[in-house]
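Order as written gives the chain letters A, B, C and D; numbering starts at 1 within each chain.
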Amino acid sequence: MTRKKTAEKRNTGPAAAAGAPDAAVEERRGLLHEMLRIRRFEERCVELYSAAEIRGFMHLYIGEEAVAAGTMAALGPDDAVVTTYREHGHALARGVSAEAIMAEMFGRSTGCSRGRGGSMHLFDTATRFYGGNAIVAGGLPLAVGLALADRMRGADRVTACFFGDGAVAEGEFHECMNLAALWHLPVLFVCENNRYAMGTALAREHAETDLALRASSYGTVSWAVDGMDVLAVSTAARRAAEAVRWGGGPHFLEMRTYRYRAHSMYDPDLYRDKSEIEEWRRHDPIDALTTRMRDTGELGDDDVAAMEKEIAAEIDAAVEAAKAAPLEPVEDLARFVYSEEAVRP
Amino acid sequence: MPDFTMPSLGADMERGTLTRWLVEPGDRVHKGDIVAVVETDKADIEVECFDDGVIDTLLVQPGANVPVGTPLARLTSPAAAPSAPPSTAKPKPPAAKPKPPAAKPKPPAAEPKRPVPAGHPEPERGKPAPAPRRPEPATPLVQRLAEERGIDLTSVNGTGHGGRIVRADIERATRPKASPLARRLATELGVDLHHVYGSGARGVIRADDVRAAARAPRRPAEPRPAADEKQAAMRRAIGRLMARSKREIPHYYLGTTIDMGEATGWLRRRNRELPVARRLLPAAMLLKASALAAREVPELNGHWLDEKFVPGDGVHLGIVTALRGGGLVTPTLRRADELSLDDLMSALKDLLVRARSGRLRGSELDGATITVTNLGDQGVESVTGVIFPPQVALLGFGRIVQRPWAVNGLLGVRPVVTATLAADHRATDGYTGARILEAVDRLLQHPEEL
Amino acid sequence: MTTTKTRDADKAAGNEPITYREAMRAALRDALTRDDRVFLMGEDVGRYGGCFAVSLGLLEEFGPERIRDTPLSESAFVGAGIGAALAGMRPIVEIMTVNFSLLALDQILNNAATLSHMSGGQVGVPLVIRMTTGAGRQLAAQHSHSLEGWYAHIPGLRILAPATLEDARGMLWTALENPDPVLIAEHGSLYGMAGELPPGAGAVDIDRAAVRRTGSDVSLITYGGTLPKTLDAAERLASEGVQAEVIDLRSLRPLDDATIMSSVRRTHRAVIVDEAWRSGSLSAEISARITEQAFYDLDAPVGRVCGAEVPIPYARHLEEAALPQPDDIVAAAHRAVSGDA
Amino acid sequence: MTPRQARELAVRSLEKVAPDIDAGTVGGDASLREDLGLDSLDFLGFVEELSEGSGLRIDEDDYPELATLDACVTYLTHRA
């Protein structure tokens, strides 16, 4: 199963022919590049938000990059993705261009939702990215439906549905887990348990905090994964996705991860103390992989610098393009409330 | 080296209050360091710096409330700083000056403007100008009724004893309740809603009521009911003006007969070559002669104001125009003395057509310095008019008639016209009055010079 | 083969009287037969044959994959219908009654109605949702709501109210072919209505209102379950010297302003009959549009005959008092015509 | 010009100059100046309409022959 985008580019090199070890190195390099890319992108978003270039709500993923990078690596180009408002990492890792995402957050017509969705509602049919959903657990029924269509047409595709620990307490979570299991639907539930539902810690929102255990009660194959270890994430995601693709029914992965920054730009983050954040930073997924690859000689200082340089250039270009991009003309305000003539597939 | 500015910390944050600095001038700061605490409506939020550098000066003191983007501290580059570790040595793009918040995309077009029903012209509006306030106070009943129906008593014409406002006046002034369709039909059929019986609940007038009122037997010659009302109002206005004129102005009258032979002969010869549209009427010559004469006798061309004569700023002729349905209006022909006969003729035509169709502008109805009445057109030989205050003179012309006339001792038949003058004895006396009639006579003997 | 299939076939062919529910069933069968992307999903639509027996026999004919009974999870299966539509299927989701649709309102509003616009036109939701609505069968407050007006408030949705056999038979296919989400509100008291369907009756338009009876004195504007009552009232008014025109809206969003205004401009009087509570109802919207677009043609205030603003009571006499009845419609029409409104 | 056309032109011209007079019902023998109250200016406009409508050149000397509608009809039918 080849990973979209970055990984493919590298496989064409001589290393690919040499077989596994180099492929593994390439894959790790790809995962590191993806995680670093997500982090730098969001750090730049903080600056832009402070300068009021980006407005509205913005929810950052910094700290959880391993889940997006690892899981997307396990998906194929025809698979579908449904996610939440904390979606920049998912969109980037899935292959939505940094430029289209940045333009969207600048509210420009070149944004991946024409500037109408903003940070919380990114859409991209090319990568079957069916958007962020700002209603907690609101995306789960959509994912079930996408999987239902695949099941009815015998398509061996996977629908990956991302949501947080907060969604597990929603009625829709219960309804969808039961329906997916009942109808044996090809959906991969990816629960990013970052230990806080906005300002409410895990133990103050769930009587039973072992979310994987909860999920298994629906007859769905479920297990927990260290969401701060990108290799653990990608291994688990690959195994689960394969099972789902070949008719193993829905699978549920509880990614135990952590967000370093507040719930959103508007959150004073008073509900946890700084020491806890520092504790989790010591298991930072980027530092962990960088250290490991340095120790095994797979990664040198200049490799990291080159990666940073390439990423910075990509982000700068995205920001400049977004600033220069046009706004959607007000005359188009009502367009697409109803479909234009063409009937969709 | 960009300044450190007040960050935007929320979707609707326009301003922020600096609570505390966590650094002082001289401190070395790195990208991402927390440098200050800002108070928002939710709580105090720690604010990070986005650049590496040294705090140079703190521009804003704690407690200050400033708009987003305001420079809070000036930074200098870490001149002698050790070479930055590779990972952080990113070439920083030239940070733009603290720009005003991104040009907010124009807010989506406000809801399409709600269609406001076109203002419906009230047929009743346009009542004649309110008469001056009645001395006698209205009765309590009338006060209450006016109060209830939101009517301004000064705008009501009192028809009671001594001009007192009585209940009937209030009824007439109240805006009748009618359905929109009824109100539209009333305008289209020229029905005055005041005279229509409302068959609907609480006397509401409905379409059928208006149709019935419109169908009521109407003799073609008899003016339309709405015209009655307007006619009566006009009659009252003219009556008041003439009464005041007679009361206040000591009139004296002069008259003379003018030989129109030269003038009418010249006119006929001239008209023969012209198409109908460009032919002149005798009236035009009479008006031009009057204007030129008024210029020669300025004492009669002006106004009597607070006991003294104010000469006019030009010869502006008030032209008495009879309206076919009865009543009259006096449009003003400005600077009549400077108009050629042709220009005067076309101006006269235009004024009279618009006067008759009620499309005169306010400015065309006043400002006359002397008035001419030409009722001769209606077959009367001699006209002695009543001066229009505050003017001081009025010229009148009768019909041009054939009369036996001695010219150079020989008897013949000549077309003649009787010209009269009514003048204000306070401003002038007979001697001056006579001079204007002589001037008119002399001018009419040389029509080609008019 | 099962009896319902053969008997239905005869009725659909117009050989003998057919009921509203049988016409809707014929529409379902026709759609399922013509397009394999079409499937029906809802509580008890399969083995039970539908809470109002509309889908009786379809499970046996089309199988469990395309006639899917669902658990009692309105948000999940309505959302799943939306998801399947996103993926190109043509689902027909049956929500047993409008009363239970409140549990799926978030999916209908925030996903079905919004995704196309919010995504800049990238994704569409070609979904049909059917739900039974209205009162009059002594089902008490929680099972007697009329909430089509709520849904007619939402841009991005189309709302239909089939009140005749032709519309029950013909609206579904046109709705399925429409690329946007369409809600079909079927008034519960109409299912048993019997009549003749012209042979070969098929798809009908879903944009225009219909003048079910012409008249010159007053326009009676209504939809769905109150159409029969309004037609009865019109008959009585005729015998009392008032020629009433009856307009069946058929589409609650978008509203067919042209047909409404052309009627009101002829009759100069309008009475709107709407079973829902009057405050903020569809009748309020139609009245506002009439005063905006035909103000100078009104010879009386726009009248409204609506449900009493109370939770619908169980007791028969109370329920009848709470709902608009022909007597109320006749009285309102007289008030408009005689001008003591 | 036939008598009917002439009368139509005369009535139309009168209506144009004096819109408030119901030209259709006015007696053919009613004097335009005295009975209907047309003043010299109105009459000039009336003559202007007649000459334009008929293409005739109407001199001042002919004015007396246009005193009533009937007179106008005979004047126009003979001349046009």
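Going forward, contacts are C-beta pairs under 8 Å (C-beta built on N, C-alpha and C of every residue); 3 or more make two chains touch, one makes a residue touch a chain.
Treat the numbers as computed from the prediction; the structure is a model and nothing was measured.
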Find me the chain with the mean Cα position closest to the mean of all the protein Cα atoms on display.
C
Euclidean distance of C-alpha centroids - subunit B vs subunit C, Å:
56
Expressed in whole Å, how far the mean CA point of subunit B lies from that of subunit D is 38
Taking the mean of the C-alpha atoms as each chain's centre, how many Å separate subunit C from subunit D?
68
Centroid from C-alpha atoms only, then distance subunit A to subunit D, rounded to Å. What do you get?
93
Identify all positions of subunit A at which a residue touches two or more other chains, and write them in rising order.
115
Pairwise touch network: line, ring, star, complete, or other
other
Go through the chains and record each pair that touches.
A-B, A-C, B-C, B-D
Of all residues in subunit D, those that touch subunit B in their complex:
18-22, 25, 34, 37, 39-41, 44-45, 47-48, 51-52, 57-60
Which positions of subunit B touch subunit D when the two form their complex?
220, 268, 271-272, 275-277, 279, 281-283, 322, 324-325, 348-349, 352, 357, 377-379
For the subunit B and subunit C complex, residues of the former touching the latter
114-115, 117, 120, 179-184, 199-201, 204, 206-207
Subunit A to subunit C touching residues, read off their complex
80, 82, 111-117, 121, 123-125, 130-131, 133-135, 138, 140-150, 152, 171-172, 175-176, 178-179, 182-183, 335-340, 342-345
Can you list the subunit A residues touching subunit B in their complex?
43, 46-47, 49-57, 106-107, 115, 265-266, 268, 270, 301, 304-305, 308-309, 312, 316, 327-328, 330-331, 333
